[in-house]
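Letters are used for the chains, namely A, B, C and D, taken in the order the chains are written, and counting of residues starts over at 1 for each.
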Amino acid sequence: MKLLQGTVLSNTWVSPRYKHMSIHAPEIVEECKAGQFFHLKCSDSFSPLLRRPMSIYKIVKKEGEIHFLYLIKGEGTKCLANMHQGDQLNMFGPLGNGFTLQTEWHSLLIVARGVGLATMAPLIDMATKQGIATYAILSARTKGDILSADYMKECGAEVVSLTDEDRDSDVEHVRKMVENVIDSKSIDALFTCGSKRLTNMLKGISLQRKIPGQVAMEENMGCGSGMCFCCVKPFNRGGEIVNLRVCSEGPVFQLEEVMEL
Amino acid sequence: MKVSIGGVSMKNPVMPASGTFAEETAQIFDLSVLGALVTKSVTKYPRMGNRGPRIAETIAGMINAVGIQSKGSQVIRETSIPFYQQFNSPLIVSISADTADEFVDLAQELSVPGVAALEINISCPNLEDDGRSYAMDPTQTYRVVDYIRKSTQLPLYAKLTPNTNAITEVAVAAEAAGADAVVVANTMLSMVIDVETRKPKVGNIMGGLSGPCTKPVILRMVYQVYKKVGIPIIGCGGICSAEDAIEYMIAGASAVQVGTYNFVNPIGMVDIIQGMKEYAVRHRISSLSDLVGSVCVDEQTRIDKAAAY
Amino acid sequence: MKVSIGGVSMKNPVMPASGTFAEETAQIFDLSVLGALVTKSVTKYPRMGNRGPRIAETIAGMINAVGIQSKGSQVIRETSIPFYQQFNSPLIVSISADTADEFVDLAQELSVPGVAALEINISCPNLEDDGRSYAMDPTQTYRVVDYIRKSTQLPLYAKLTPNTNAITEVAVAAEAAGADAVVVANTMLSMVIDVETRKPKVGNIMGGLSGPCTKPVILRMVYQVYKKVGIPIIGCGGICSAEDAIEYMIAGASAVQVGTYNFVNPIGMVDIIQGMKEYAVRHRISSLSDLVGSVCVDEQTRIDKAAAY
Amino acid sequence: MKLLQGTVLSNTWVSPRYKHMSIHAPEIVEECKAGQFFHLKCSDSFSPLLRRPMSIYKIVKKEGEIHFLYLIKGEGTKCLANMHQGDQLNMFGPLGNGFTLQTEWHSLLIVARGVGLATMAPLIDMATKQGIATYAILSARTKGDILSADYMKECGAEVVSLTDEDRDSDVEHVRKMVENVIDSKSIDALFTCGSKRLTNMLKGISLQRKIPGQVAMEENMGCGSGMCFCCVKPFNRGGEIVNLRVCSEGPVFQLEEVMEL
């Protein structure tokens, strides 16, 4: 983890609610891993005061680029959205533990929703580079919000998109699709991010079918680096309930450890 | 830049505020640059802390309701204290307890080599006084500080709460009971509600407000306490710059603690130390201690009774 | 949007906070849109107020040390009260005094047609209690409110201070003494120092902090007071938007006062009233009063004793 | 007084420390008078929270323009300096009482320093339009800070500039110049703004020579419109000391009423 000033290369609207930001930060790019995040200072003023956690969406090692894909939600992301090419972005990271891939895995199923899509894109890239096949079920409010589908395909995933507007995104429907994919593609591991209900559903399948899984979690953060215990959530670790820090013990956790959300 | 706080020599007056600093900070900068190191408050036995969310942002501040998640004193003794010994800055261990007896046990257990002073967090609700904190009341403060005082040779810093109308009386009581310094102050009891869900934004309903929004209130308390106690004051509340730290010293603080700003700027304390050096040079101040309590006030007496508005 | 606060009917729950509103506001918008009008605190005799500077900006707030510059009650009776009668909103006159007797005199003098209620500013330092304010202490509060209560038929709103650790006890005392509503709260005693000159930034050295930075603390007080008193609470502290006003109502306020934000946005109260209407429509709330105290809290009892962090 | 959104036409550096901003605000321009000010909201955020008082520097009735000339001092003026052409500026004003000119006056002496220069420019314009001659002694730290000299000349004033860097701006030297001008130009009234020491000096001359004078004062402000009594200063009105509001009873006061500053 480093504290550094990245330079904004681009910051463009990719849907009415999301922006895609690319940052030149060559000094950090080698350290970055899918599933990790940066804690970003969105403004120089005291409001908003705190940093904002943002997953790594894309790592372009050769060019020294880190990308973010973010939903404009409140004050912090509004400030991010106001940044222009050439501006300096104060970044702290990479933070947390990324996704881990076992060498014996051949095919992964990824289920993501909403802002969780951003987190999953670099996982697909990483898996493909290790010769692992990836199948992604992406869910969002509108078609416009399924932004990373193309990039994920480019990275090598086979992608299905579901949206609330098409009314095919309900949990039961997703469950059926997940079971189908597991059956037809002999999936070795499950990955998810972005939805409590999908996480709960996937955890059920993971336990039932004994397929390991990983989930990237979100929680409000203070320090982002393990010092303040502001971001803890309860997890079930070996039968015992323990409070773990999303920022430093996560954000990626084993699916089986997650408590009913 | 050197200061001595209740017998602990520090290379500069800047230290972290309890709960906003931990071993992880060593990955960001060399902890030896700090005046002192201060641990998160430890309890005797491991504690889970409060349920989430534990943090909510407010305007120019934040509310936390972490609830003293603690690994217990034994873990601290076996891991944290040895860890911090690699740095060339005195270690202050913050202790928290629900009863005076537990405070005494903790103080004895943690009076070990490697610990330069104990900070006693008497600003958290306790079990003996109906959920109030000792530091809300001068009598309770005297009682608990006096009791702990007799159980350890280490310098004691009493950390006071701003949630009292008697901060000077409480500080005077802490001094009388043998505290070597007072930390002014802990967080301000606060609340925020999400108007869409009507739920409080922290799981614990209420929490402690910290950050720059609190500075004018805590600074006033430092000013008031300085006029009444002889022991050093450690100012703590909303410090985000060298100027803020200097402002606290001018009001009466001998040293300062930085909390929330560590989250905003992970190398914030390093920047503050550097900025204070530059201020001293710019103002031709040979020793920062010359600043302590140097606020220019005329008609001092008239003022003490003056209306807030 | 209608509310009734201690017998005063208001067309909506939004009114100005004392000292941030005056006849001049009528040049900016039609005062009849307001739930009520509240005067600057008046004293019996004319007063000069404090020396300048009387205002200093802080982070997301401001400190004022105006010191009740007042033309005296006679001028108010002869000019302000008749002036405000042209507007279709009840007039609340805020009174301030150094002694209980002076409060009684004022209350009698100002219990005249055109005045719908008296707000008693018992949160300023007085002469009877060594510069402390009545509202720092439940006993003093009871005494002064009880005394004033007997001198007038008008509804009495007691304006409390946040500079106490006993806000609920003080509110309970005010209720017991016959106050018809409590205003929670006045400003927080504060200080800022210019680090270049080492002078306090307000002439009076200390002053009262107001504005958005104070909201989490005052909101918490409203929540605490609501659980203990039956009379309506008027929330006051940092309100800058309809959402802030709603947040106060959810915490337990029946109405709100807007202070500092009037300086930021001269038509701020008009915007807030409009925004509250829109919130009610969006959330299908037929009466804003349904919001009062509606915060969603589980395990209520556990929580009351919970740690601040 | 109105609350309105003006449109920034230009906002340019005129010296290393000063900017000149022109605003399109046709709905208000007819009401504006030399010596009055606007209370400006410099940012949408809560820091800085309060408005900032700014004198009218120039009124261009035909084009519906109001101009400001301002020193970048702290956070508020920094935010002002960051505004761009086309941005909306939230303005409250015009506020306070401007300068008043008596019909029998033929020649005025203006002594201004620092930011006070901005306030004096429209007075000269107003006087010239009424056929009154104006003589201006301008003082500042550096030659670069004497920004409005050209505009004042354009407006019709005879201008002398003094600067600290030229070491000709000390009060005694200014006093001599003032006395010279009074003697040689038979001055009817004195006007000043921007310096406590120059105001004190000028007040002395005004009393001694029985020449009426006006001064534009500054004080920290809350409401800007007479409601809060935050901006009061003590004045000597008919032998009695009274606290008057700079925003509404000023900012222009009679020189003789000013107390030793």
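Worth pointing out:
Please note the rule applied: contacts are C-beta pairs under 8 Å (C-beta built on N, C-alpha and C of every residue); 3 or more make two chains touch, one makes a residue touch a chain.
Predicted, not measured: the structure shown is a model, and the values here were computed from it.
Any chain touching chain C that also touches chain D appears here: A, B. Taking each chain's centre as the mean of its CA atoms, A is the chain most distant from chain C.
Once the centre of each chain is set as its mean CA position, chain B and chain D turn out to be 47 Å apart. Rounded to whole angstrom units, the spacing between the C-alpha centres of chain A and chain B is 36. Chain B and chain C have Cα centroids separated by 32 Å.
Residue positions 46-47 of chain D are each in touch with at least two other chains.
Chain contacts: chain C has residues 19, 59-61, 64, 66, 212 touching two or more partner chains.
Interchain contacts join each chain to each other chain, per the touch definition above.
Of all residues in chain C, those touching chain D in their complex are 19-22, 24-25, 27-28, 40, 48-49, 51-57, 59-62, 64, 66, 69, 211-212, 240, 260, 262-267.
The touching residues of chain D, counted against chain B in their complex, run 46-47.
Those residues of chain D whose C-beta lies close enough to touch chain C in the complex are 1, 3, 41, 46-51, 92, 219-234, 243, 248.
For chain B in complex with chain D, the residues that touch the partner chain are 59-60. Residues 19, 50, 58-61, 63-68, 124-125, 130-131, 136, 163-166, 186-193, 195, 197-200, 204-209, 212-217, 219-220, 223, 238, 243, 246-247, 250-251, 279, 294-297, 303-309 of chain B are the ones touching chain C in the complex.
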